[in-house]
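In order of appearance the chains are A, B, C, D and E, and numbering begins at 1 in each one.
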């Protein structure tokens, strides 16, 4: 009883340890695993990332020069990043935002691409 | 006329005071847990939201019981604050409790059934002490009327320290604070889910919440009685006791009903009955 | 770090007596696990005694039955029921029998077909 | 004036999650994240709840439980799918016992991606859910 | 008033973080019979080896459970490494110990919090979980994840730890140790807590063995058994003794776990001090052919991965026998005859991990 009293009184008269998210934004570590981004300009639509993805969350439409990711499927495992031969995929250290619909992010390569 | 005004004032002001006290409880508990916690007005938001919620009624008698519970709780408070008979307040608060329990039983859910059973046990546990308190006050002031008790020339605590300690103990039971929060709780960590209130939702839950505000104010009023001739001290003491209850809530695990039963009777006997006995010897 | 792991292949009818022996020698039942083979399954009964790992293995054709060892190792019931339910193996004389209601999976005996059958599908 | 935004009570059900998202939901209650700041109470009782947080995918056995909880919640209510598993099935979608994301069973209002969904993401998701809750209440009143 | 009542306990229940369903047959508030039914989290992950190759399966293995995620990955990779005769570099094996022991601390703190919650001690739950956050922050800085670490891979680990992080680990442990001491003395000394734990759910030494209990459950009943003594990863080079208690009640199990937190802190310090330089992963080629039973000590006890490869990308079999699965018979035993109020504590006392149990 005395130990917990001490802890509790100490807490009562000191600052709470709440991080106050979302009023205060949070800094993530460089290592933190988050959303996958594609630097679409250098993508060659080889489809290797699609094959390596354990959740089948990626899709490549070669003829439309489109690479897309289903945010709701991705488990941030990084397999696609490791596999990409052009190293155009990166893993950000921020998470993909919640949404009211299932979000598929499409990246379409601009026509006038310089390779 | 004065009685009428007091009653109306009580009925109108108590929910405000009771709700605020509940808010203070939430905030202080959070701080004790090193959290920021909700706004102090949170209990009002909760109740107002519950009124906006769809009402799912399990059966008709359920609402009747809740309404009776609220009615008799308010009645108890009114009786108390207009200075009525203390035995009658004890009786009517018990009656209110019984309606609450009946409401729990009436839903036929195993959780609320068990919650009601435990509430019944809590009542049996705290009742002796409450009655001892009434008797003690009578022995000191020679009256069961609260207005006479208040008018007594000295704080009653001088004569009834043992009874006061015993009463504080049962106060924890009555306020449904840990370690004695066996019959219901709205935070999710109870083996019987929300206990008695499991099957209540929407408006009826809001009414139960409001009834508890009235009840808390009434309970703090009884603490005040012990210090009555010194009103400032009395109010201070009731608030301090309330803080102590929050503190106890946060420093204890929930005990089992057997322990609750044994300990409360033990305390009633040791502190309460001995005190009364001493008084009796002195007076005769 | 390689731990020495002994696997003893035995006949089904020796299983019970061998388990009783091990129990007598103070071995603890670690797990029972089932693996599909070309024509049936093999079941591994793993034991441990003071970090000595010992494995009994029986092979069992699709229509063969396996005796329960619950009367030797009480806790075997959970593994035996699992095997019966997921692999569709008949285990005889189980004291505690969930009758296929342990997992209640969407597919009954998901590991039911033999490895040969799966290869064919693939 | 609606008070849902100020006092959303939630119920959390762990579908067939790996516990990852689960303990992150619990972590949201603890001092560092403290979602009680938003007036949220984890009630554990469907009849008291406004928000239904589900972690993990739907499988053969828990689909009835989820339907049951959902139907016991009084209106208006909001469903939030937390984590890749609850949103789409995630890594285990190909398992024989998995039906898929929660939206296969009941309408989902907010999807929180991630594996595991971070507490910050869950807080964002709940805040989004509050808007939806408020709108649902307004629409219901309009219809009346 | 001895009518019998059946109350459903779970799968959705506020004191259970996970879905397990028990039908409790009550006589007043005494439990006279327990009928468990599981399967609410059954996902069929073992069968996924037919659809994912053995490299991809590492991600699945990590997601068998989000609490022991680190050790699930580690156990699976160890099995593959043994089959393929991959020698992991020294630095990797020490890093694995650090990761695994941090997981143990976080898991035990998590358990202590849930246990406090189960006996209605909310403030204690909050304070315990507050301490846990510091461990998670450290884990995130090291591996990138708070609960799913994705850190172990076949042949080693994915991310190295630099010197500044190593000294941070020491600093955090130094700061954390007195705080954990303070919290744990509440568990060990508070009157109401002792009233709820002591003598509750006693499991004798013989029962523990014959019911096949593992981990703290077994050690609290006086049996010396800790798989780390097998010396996998770098445990052979570290100095520690399994923690044993003799009472066999819930308090003993609580004591064992508390002591293991300090033991893990000590192991991490040893590992940090001895961490060798060098690469963090060994290259390898080919597919696994052969079988192995990989045994590990998870926070909840001994876990077994049985992996059987056939020389192709796809494994023949991957079976995991998790500690909770092995502890279920003992749980059913202690539940019979207890008070309803003790049910949550008894369930928690085996530290149930349903998701790995059912996979």
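Just so we're on the same page, contacts are C-beta pairs under 8 Å (C-beta built on N, C-alpha and C of every residue); 3 or more make two chains touch, one makes a residue touch a chain.
Everything numeric here is computed off the predicted structure, so don't read it as measured data.
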item: Partner chains shared by chain B and chain E (touch criterion as defined above); value: A, D
item: Most widely separated chain from chain A, with each centre as the mean of CA atoms; value: B
item: Maximum centroid distance from chain C, chain identifier (CA atoms); value: B
item: Higher-contact pair (C-beta pairs counted), A-D versus A-B; value: A-D
item: Between chain B and chain A, distance of the C-alpha-averaged centres to the nearest whole Å; value: 51
item: Gap in Å, rounded to a whole number, between the CA centres of chain D and chain B; value: 35
item: Between chain D and chain C, distance of the C-alpha-averaged centres to the nearest whole Å; value: 40
item: Gap in Å, rounded to a whole number, between the CA centres of chain E and chain D; value: 26
item: Residue numbers of chain A (touch at least two other chains); value: 1, 4, 8, 11, 16-18, 54, 75-77
item: Multi-chain contact sites of chain C, meaning residues that touch two or more partners; value: 103-105, 107, 110
item: Contacts with two or more other chains, residues of chain E listed in rising order; value: 13-15, 39, 42, 44, 47, 59-60, 63, 123-127, 130, 145, 148, 190, 192, 358
item: Partner chain E, residues of chain D touching it in the complex; value: 11, 13-24, 26-27, 30-32, 42-46, 56-57, 59-62, 65, 69, 90-92, 94-98, 115-116, 118
item: Chain E residues within the chain B interface of the complex; value: 5-9, 13-15, 29, 116-127, 130, 190, 192-193, 195-196, 339-344
item: Contacting residues of chain D [partner chain B, same complex]; value: 2-4, 6-7, 9, 30-31, 34, 36-39, 41-45, 47-48, 50, 72, 74-76, 137
item: Residue ranges of chain E in contact with chain D within the complex; value: 11-15, 17-19, 39-45, 47-48, 51, 59-60, 63-67, 69, 110, 113, 125-127, 129-130, 132-133, 136, 145-148, 353, 355-356, 358
item: Residue ranges of chain E in contact with chain C within the complex; value: 37-39, 42, 44, 47, 50, 82, 209-212, 229-233, 236, 292-293, 295, 302, 304, 306, 308, 316-317, 319, 321, 325-326, 328-330, 358
